[in-house]
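Shared between the two complexes below is chain A, which pairs with chain B and chain C, respectively.
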Partner chain A sequence: MLRFLTLMLGLTLATSPVHAFEQVTDFQLDNGMQVVVIEDHRAPVVMNMVWYRAGSADEQPGVSGVAHFLEHLLFKGTDTLESGEFSATVAANGGRDNAFTSYDYTAYFQRVAADRLELMMKMEADRMVNLRLDEADILTERDVIIEERNQRTENSPGALMREQMDGVQYLNHRYGVPIIGWRHEMEQLSLQDALDYYTTYYAPNNAVLVVAGDVYPDDVRALAETYFGVLPPNPDLEPRDRPQEPPQTTPRRLVFEDARVAQPYVTRSYLAPERNPGDQSTAAALTILAELLGGGTTSFLNERLQFDQKLAVYTGAFYRGTSLDTTSFNVTVVPIQGVSLQEAEDAMDQALADFMASEIDEAHVERIKMQLRASQIYARDSVESLANRYGRALTTSLTIADVQEWPDVLQAVTIEDIRAAGELVFNERQSVTGWLTSPTSEEGSQ
Partner chain B sequence: MRYLLIAALTVILTLPARAEVKIQEVTSPGGITAWLVEEPSIPFVALELRFQGGASLDAPGKRGATNLMIGLLEEGAGELDSQGFARATEALAARFGYDVGDDNASISARFLTENRDEALELLRLSIIEPRFEEVAVNRVRQQVLAGIRSSQNDPNDIASRAFDAATFGDHPYGSALQGTIDSVGALTRDDIVAAHKGVLTRDRLYVAAVGDITAAELGPMLDELLANLPETGAALPDKVAPMLDGSTSVVEFDTPQSVALFGQVGMERDDDDFFAAYLLNTILGGGGFESRLMEEVRVKRGLTYGVYSYLVPKDWAALYLGSVSSANDRIAEAVDVIRAEWSRMAAEGVTQEELDEAKALLTGAYPLRFDGNGSIAQIMAGMQMQGLPIDYIATRNDKVNAVSLEDINRVASEFLNPDELTFVVVGKPDGV
Partner chain C sequence: MLRFLTLMLGLTLATSPVHAFEQVTDFQLDNGMQVVVIEDHRAPVVMNMVWYRAGSADEQPGVSGVAHFLEHLLFKGTDTLESGEFSATVAANGGRDNAFTSYDYTAYFQRVAADRLELMMKMEADRMVNLRLDEADILTERDVIIEERNQRTENSPGALMREQMDGVQYLNHRYGVPIIGWRHEMEQLSLQDALDYYTTYYAPNNAVLVVAGDVYPDDVRALAETYFGVLPPNPDLEPRDRPQEPPQTTPRRLVFEDARVAQPYVTRSYLAPERNPGDQSTAAALTILAELLGGGTTSFLNERLQFDQKLAVYTGAFYRGTSLDTTSFNVTVVPIQGVSLQEAEDAMDQALADFMASEIDEAHVERIKMQLRASQIYARDSVESLANRYGRALTTSLTIADVQEWPDVLQAVTIEDIRAAGELVFNERQSVTGWLTSPTSEEGSQ
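Presenting the complex of A and B:
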């Protein structure tokens, strides 16, 4: 077994990073629209995506959910397409289409045969500026998003608690408001609310076109200039300086009780810095810290709470660095039956303190870096995930260079960087701790 | 511009992309057959192993044994304990997935060219020499029990369990493959060892590989990996006739949105009418936004975020299922609309235009599936389990296009059975 391990360490050191971005080309149209082309010629398929630098956190107060509502409404009519004709056309061409909304971006995509790209671009450019909505569209589609909220949130105690935790973590920033919207505001969303958001944010100089698959950059450029290049930029587009958080000065806590909870757990979020243009090293250290602490079977929390103390059925740590504004670092412990949430939280706190007080396991860091290097190879098997990586980054203020440097920034993280990142983020005064529990469990009365 | 788009719609008679996947059949020196696609452009291999039978091989009274066994394969093997195995896998950046369904167990592996032999040795240990140590059994058992408790309060899971129990009774399909709190609590290490011997066997094995490996390399590799599997496995279950009475039953659960599962008898994969039924389902509820159910329930009435139907040809029974979720005060209307659409299609069939659109969607979307080593390996393993020929991919769209309006409308009237369409609604529905 020792020889085995030694052998593997040798392999680890011999591995050199392989970059996925050799297949990537980027350019900008005269009207300010950014374009990224990711080539993969293995199959005659293309993914056409338009990303807008606008999400739920760019909404005005009082109309929460309007970014996502508008996303649904973009499948209604334009000057030249009947309501529903967009998706019907994609289907008639043997393709699939959909869209998604997050805090910082809204994105639309079609997967089609590569020779149908031109039609997709033509339609996507059309609905960027020519959307035509009427009151009837609004009323039924508003019912649909409320059912979507029912499905995603109201039927899930865990989702309801996360919504409360985000609201408590972000007192002033719109990250504290759910992407889908607060129900009472969703019920009042109007045609004008949707159109206001549309005319403010939907313009070529606020969009990124990502085309991934069996395409060549010159062809994409010609199509993009033909269909998107002719659209006028919005001269009134404002910089995205959204209301920011005040300093958090005290820990915040909540207990969320719901009779539907079968498996209580404790979760903690800490405010944490995000990836910033030209400045990603802290985010890289936090990314590796999350893996070390809660990334898998051999993570620190898992070894401590599952294997040694046998208190937990699950532990995890999460950090999502790709965010326009201040993000969060999360730690979760799901205790085994018979262990209270207080005991679980105490054990979690002790483990975090011990982690910070002890030597960081260098071999573990090396395993994580090896996996990150390998993920560059595995990522080339899915141009869709590469397309999403670029789209997310470019709509959260990062540049192409930031995306391409990120693997090297991760590899350059040192033990000292990880420790410093932990000291920065594990600050009780910047935390929210939540208990998810049911009224009948022993937690209910605590 | 509108005119141009309409013109574009009407000229699409021949769809473009043909899936070109060059599959080779490889037989190892030891007699293991595999389907291979060589794809050297990225230095890794996706390997897919399937074992027919899956959780339906659970011994009587041992429900959940196969599931727990599969969950334990990566929890210690050979001389490595659970953490040792995980560390070794991480160090190689190999990715192993172990899963089980009603009809098969699956092992999905991705490993780098640069350390292929070491990764395969780890994979071999997990398949052939798992340790099933008591401490690991008990830890993973706790995880499974936590999952079972959670599913008891999940409206989707409650609906599936109620629907399956009513439809299949004592057959393995009638209960959740995770088992119950009692059955999983009572499983012993011997039960796990027996499940291992009975499920992962040579006679039920199907193999597919895609990536940076040649046919000459694959054969010996498979012998090294799998030669020590037992020859034969536990007895397969019998066929079962679904019991579906057309009722609408309610499982009370206090939650704001009701979840409904519905279904009737399905269509076998090898039935001559399978493609007609497949197109029929695409038009009724399988075609995403373009389906009738989506149009009637979501687009026109705003009753749901999504409504879908799907053919489920399992090994020992075939079902035709669907699902919808609506607020408690709206689910009754959703159920009524679905029943009405089922009856309308059974009585009136589909139009030529609908059939043409469904063909365009299915034939055009088919090549989009073959978009990565991992997905191609999974598809090839599935094809072998279904008994499809190795040249199937090139001929599949022709089979779709061969369905005539007369065929599909005959199948609509014979196959769709509104009187048998059975609903289980979980929630606090009004008026159901």
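Presenting the complex of A and C:
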């Protein structure tokens, strides 16, 4: 039944016009703030997002976690709002709000009734420049982020291994430092560290306002000019060229052993190019390559290692192309009980080699393109997802045009592009291979 | 004959007073500059050294190599000296001069007739604050340091592997970045980068003057006050707390393949504690451990892997305790032809395990202590070596007292201390293992 539905959908989608873009308007305020309006008038709600072109990879050395720490602190007081009043006001207006931090950006959002947009903008503009923090805020919120680290990282052997792998993948770039921060540095984060980051990066000329929903561009422009347009730009904002990787010349391997590991696995990460403005075709080919190899039950790795050889319980390939600097391509194999990590890795390597040595299945590629097209069309149904897509792109050096061309770039990928992308990325010299295992498993102390 | 001589010397040295220190006087100028005078009146020469508490690990991200670049640029002009005139003046006065950069310090020195000391100090004080650089200096000298990188690093597979290993050993600390710099960053080093480093770190309150030779403290003090004492301290000098490592939880491995490798080898580095002020005993035990394991022909690894098992042409263990932050302990085995790197590594691991499991040879420890005592006494014969010892120590947080206690701390090391140090440092989770190999060797593409 499900298969039938997918086929039907495929037929419909294949005939959809590729250029049925979302209704997007963009402009820039005089102070350099970029504004994107995504119209969707089906429901009287709006998503108000402020994205800063600053994430954990923009931190100074020694203060890892400060980008995320500051994200928490933005919910403290300003000159006119008490600590906690921001979110309380959103809730009192029937909305919800939150924020998130990544390597390349920090974003704040509220989803509210469209007629409350002005209040949201007013409060966002306020905390962009008027944040007032004291030592008590620091002490309280530092405990919160450390507890967050406990939950997300310390309690997860896989997350702990990923941290060590990232540190080994990146010899120079700050993508090698965790977004949440190294614990020993988090524990020392000070009021001054938070304020330094705030005054360096929080300014209208380093921000993108994304408003999506039941709004009209002229109204958004008027509100944006009223609230954000009056804020002074930071004249000292530096170009965003962060330290880049040296040539990576050496395959690296690590074994992460943790008594809590119930399910050992092997994972490999390769350095990989990211989406670049006007130059997205390699990233598109890698996106499809990841799907071919490890995207779901009909993927090459799945068919080979789970169905044919029956030595894996899970296989996956993952590529995240929306990144300001060099990103990574990941392949993971979780072996069934009784299959060693060495056997799993050998099988993974053989599968990758065989994939590259054989004809790429054209029908499979077409199926993936169809799925990508479908997911893009579905995504248009969600203003949140659209707003996130534009926000991520515009804070990782891409343009509106890049976002809108991306579906076509994906559709234009050829078999040859995929092969070339594979040859580029499957370079063991730029790779890290990790084994997650427990001391009692046979791979324990090698 | 040689063995006999060593024994005789040993007997003599064993009865030498341990506290026969070199004649050292130290004081501080009002502007915070530390001065150390080491007297040696046997020859009318003097070593004049200025040490800055700033090395490559004090650089900002993205400008690797700038510490060393600036070292080169200090031989350009000042307000009163033409470019090149510094060294020409030293040579014209019958002296020689040079400089060197490490992770934790940069040092400049002249060895001249004692009656020329004043001129040397005058010129050193001049270039501490009056450096005048232009774009032409940058372009010329940048080519020189890039060529230096070619010679020292790019032409040496071992050096290239060491760079990648250091990057993998240090997940957060800047010891993971090469002193000479990453080539892609060196190529972009600008006049502003050099000046930023200069104005941040080159100031009397961040420097140590070490004068060794045929001089008297009162005369040195008078000269130092005249030339260095008048320089303003940098009031913005920050405490030197650089980003430290997070817990290292994962053994890491890498294979460096290079067609130029004629002699493959395996090398392991373990994170290891450094000498700390008033707390040097672990570093002392590690110093002796390195000698026991890999110091010369009678070392444990040498006897085991070269003489007994005949599978290595070289073994070595190396530990450098004089470091501001966490350092490393290294073990290397170069197998004979026909022995694979895996066999060499297995033999190395077995040897380390056996060493730790067996009684440590007390007589061997005593022999090493004797040799260390001897080398310390010999070192007193060289003002250069003494000046370097004090300079290195004082720029890596140690004190004069630490330097002078170090020989006694070494002599006080017990068998139990060595075992405890071994247990501390041989922690595979904090280790990186590297294989240097060529594509044609059997280890080639694993």
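Just so we're on the same page, the second predicted complex is superposed on the first by the 425 of 446 C-alpha atoms of A that agree within 3 Å, B and C clash if a C-alpha of one lies under 4 Å from a C-alpha of the other, contacts with A are read in each partner's own complex, and residues count from 1 in each chain.
As a convention for this text, contacts are C-beta pairs under 8 Å (C-beta built on N, C-alpha and C of every residue); 3 or more make two chains touch, one makes a residue touch a chain.
Treat the numbers as computed from the prediction; the structure is a model and nothing was measured.
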| item | value |
| --- | --- |
| Which of chain B and chain C A:336 touches, first, second, both or neither | first |
| A:350 touches, of chain B and chain C: first, second, both or neither? | neither |
| More chain A residues in contact - chain B or chain C | B |
| Which superposed partner A:427 touches (first chain B, second chain C, both, neither) | neither |
| Contacts of A:28 with chain B and chain C, given as first, second, both or neither | neither |
| For the chain C and chain A complex, residues of the former touching the latter | 60-62, 64, 160-161, 163-164, 167-168, 171-172, 174, 176-177, 182-185, 241-244, 246-257, 428-429, 434, 445-446 |
| Residue ranges of chain A in contact with chain B within the complex | 1, 4-5, 7-9, 11-12, 14-15, 18, 42-45, 75, 79-81, 84-85, 87-89, 91-96, 111-116, 119, 122-123, 126, 139-148, 150-151, 154-155, 259-263, 296-298, 303, 306-307, 310, 313-314, 334, 336-337, 366-368, 370-371, 373-375, 377-378, 380-384 |
| Residue numbers on chain B that touch chain A, as the complex places them | 1-2, 5, 8-9, 12, 15-20, 39, 41-44, 46, 79-80, 82-84, 86-88, 90-93, 95, 110, 112, 114-115, 118, 139, 142-143, 145-146, 149-153, 155, 254-257, 259, 287-290, 298-306, 325-327, 330, 357, 360-368, 370-374 |
